[in-house]
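Structures are listed in the sections that come next.
Both complexes shown next keep chain A, but they swap its partner, so chain B is in the first and chain C is in the second.
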Partner chain A sequence: MNATTALLRMLVFPGILFAAPAAWFFLWIERKAMAALQQRIGPPFMQPFFDFVKLMGKQVPPREGLGGFLMKLWPVLAVAASAGAVGLLPVIPRSGGFPGDLVLLLSLLELPSMFIIAAGFSSRSLWGELGSSREAILSVSYNVVFLMAIIGIAASQHTFSLQALAQSQGSPLRWLGVLAILICLPAKLHMNPFSVTNAEQEIYAGPMTEYTGHELALWELAHGMEWVAATGLVATLIAPPLANPWMAGALFVVLSVAVVLVLTIVAAATARLTIDDSVRFFWRCALAFAVLGVSSVLLMRIKL
Partner chain B sequence: MNLWKKLLCYSRRKSPWLFHMNSGSCNGCDIELIAGLTPRYDAEQLGVKHEASPRHADIICISGPVTHTAVNAMKTVYGQVCHPKAVVAIGSCPASTNVFIDSRVLDGPLDRHIPVDVYVPGCPPRPDAILAGIAKAAEILAARAGQEAQPAAAPVAAEEEKA
Partner chain C sequence: MNILRLLLNNFLGGSITTRFPNRPPADKGFRGLVRYDPQICTGCGVCAYRCSSRGISFRSSRTAYTWAYDPGQCTYCGRCVDGCEAHAITQEAAPPPLYYKRDELNLAHTTQRPLPPPKKKPEAAPATGEAK
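Now for the complex of A and B:
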């Protein structure tokens, strides 16, 4: 991948220019599916876009000093990181990529959560700090499982390149890894049952409590792009390799939407777990699962 | 009015986010407001979202006859909601202090402390009346797009919108 294609992928497709509408679309699907499951009609199609525009036109209280500067900085960085993550996705097969881009994607997926933690602490709000510390505790727990699952998949395919993973055939071990990733995604996307971070009403809005106006709009956008990147990662891993780029692109979108629907159904069917229960869940059940995956991959490689 | 302003006005009308505050209500109005968000009335069709933080909200829904203890909290919350904002008084209590009139713990009605845009009368009002009030407040929000700052929180005369 040379500099021009990298820039194109970052800024046009599947980067910001494509990722922003995709983010709104995914946010809408999530809200609409949730409404349908609760037998409501739900928000109109353009709702997340209207929310974004409205927030862009809202006043922001004056923020002074380093804390204020940091509060402005975090949402911008979060959008940049999640747009970069979307830009790395191999939506169209053979559109470039480099060895090890999976590692970069993982770190870019992790950054927004770090920025959320930082944002909660720089807002100096009690509820923000509470939400941030919950996010920190939770991310330490689910990331172990998430990384184990990715390592297991990558090791079974002998590659850290997204392109190669998308092109290779699925194996039972890969499905195990995908399942582990799916278990982590609700925690990554702050959905029920692992929504302790921004626990609406319970701790106001968690790290986002003090945010308003365009800063909040950027957070919403970053959240939507995280959706696109995280579900896109799963779609990359489960999509069968197709030669026709249009077919592959369409399949990618369909699979991502399917993942959104699955996560929404889980969220609608569950209630929020406490932080203790969430952490216990990840360390006890999911970790055992991930360790099983990684160790069987390693054993397989020793035998070969 | 340029295109961005038009889009902004339209979006404001389409996405009113609520913050709900109880200023000493008997809980009747609060239940009816929440009923408006449930599947039966489904306020999300109007783009309504019930926000937990006043910083995120556009419309403050206040119920209750405004007790002495609630006044300062209410003013704080009013200040925390950023421009543009609108206030909806839910029920007869904030409009007139209702059955609690002449009580020594009250400092109502609501418009002695903050400007009110829409009154939804009733004890309690029906959820569809509350949603109609919210939709009206969203129109007012959109009309405020041109205004740079909200008029200061001064006492205003009660607009008799009570039908």
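Now for the complex of A and C:
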């Protein structure tokens, strides 16, 4: 993949031009499915887009100094990181990629979380700082499971290339890894039962409390793109290899939507755990999956 | 697993909410738009005094008073209705209609105060002394 292809993938397909509508679509699916499970009508199809446009038109209060500059910077970086993560996904077979792009995807998936933490502290709001510290604690917990699961999958297939992973056949270890990733996704996407970061009944919007206008719109967009990237990663791992690019693209979208629905059902069926319980849950899971990951790495070494 | 059964029933049972502007029928005690009857109003201005959201304004002079209502400011709390001893203010038992222009539902009514009876001019005091 040369620089031009990389830029095209990040900015056009499956980057921002695909990721932005997909983000709004996924946000709508999540809200609509949640409403259906709660006997509500839910928002119209275009509502996430309308919300974005409305927020873009709102005035932002003037913020002076470095803190104000940083508060403007974090959402832009979060959108860029999320778009980059979506851009790396092998939506269409043989669309490029490079050895080790899985590592880059993981780091890009992690960046929005770090920017959220930084944004909460930059805002100097009590609720923002509380939400950020919760996000930081949760991030340290679930990422152990998340990374171990990815390492386990990659090691079992002897590759860190997304394209190669998408083309390879599934294995029991891989399915275990996918299960571990699915357990982590609610925490990554701030959904129940791991939604302590933005627990609106306790700390308003958490790190986003002081945000409004186009900055908040960018955060929403970044959050939607995180949805696309995270569910897309799962879809990449569970999709059977198909030669037809259209079929592969359609299957990718269908599987991503299925993952969104599963996460929504889990969120609707569970209540919010406290930060202590969330951390305890992830560290207990981490033990099992860490052993799994490390053992698979050892297995790969022996085979080599 | 009860929660999953509940979610399934919710999903199959359909929605109990409606899409705007469709609204469920209002109950008997529903507090909607404030209505004003200038024929009964005594012009005391208590409604404006009791309105904490400044939905009702009352301007008075010696010859007339103007009662004005802005539904955009109104919180439909009903304190004006409770405070009106003449019962000149009531509330509709229906949600307010949709409106697309600002201040479209605003009301204002000016009532002339009844003229006070003409004062009798005091009779001229009887002359006490002769003019010099």
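Assume the second predicted complex is superposed on the first by the 291 of 304 C-alpha atoms of A that agree within 3 Å, B and C clash if a C-alpha of one lies under 4 Å from a C-alpha of the other, contacts with A are read in each partner's own complex, and residues count from 1 in each chain.
Rule of thumb we're sticking to: contacts are C-beta pairs under 8 Å (C-beta built on N, C-alpha and C of every residue); 3 or more make two chains touch, one makes a residue touch a chain.
Since we're looking at a predicted model, the values are computed, not measured.
Model built by superposing both complexes on chain A: chain B and chain C clash. Contacts of A:L37 after superposition: chain C is touched, whereas chain B is not reached. Put simply, more of the residues of chain A are touched by B, taking chain B and chain C as the two choices. Residue contacts after overlaying the shared chain place A:G249 against neither chain B nor chain C. By the touch criterion defined above, A:V53 lies against chain B but remains apart from chain C after alignment on the C-alpha atoms of chain A. Looking at the shared chain after the overlay, A:Q201 reaches chain B, while chain C stays out of its contact range. In the superposed pair of complexes, A:T212 makes contact with chain B only, with no contact to chain C. After overlaying the two complexes on the shared chain, residue contacts for A:P61 are found with chain B alone; chain C is out of touch.
On chain A, the surface patch touched by chain B in one complex and by chain C in the other comprises residues 35, 38-42, 44. Residues of chain C that touch chain A in their complex: 3-4, 7, 10-11, 13-19.
The touching residues of chain A, counted against chain C in their complex, run 35-42, 44, 265, 268-270.
Residues of chain A touching chain B in their complex: 31, 35, 38-44, 46-47, 49-51, 53-54, 56-61, 127, 200-201, 204-205, 208-213, 216.
Residues 7-8, 10-12, 14-15, 17, 39, 42, 44-45, 47, 49, 51-53, 55-56, 58, 82-84, 145 of chain B are the ones touching chain A in the complex.
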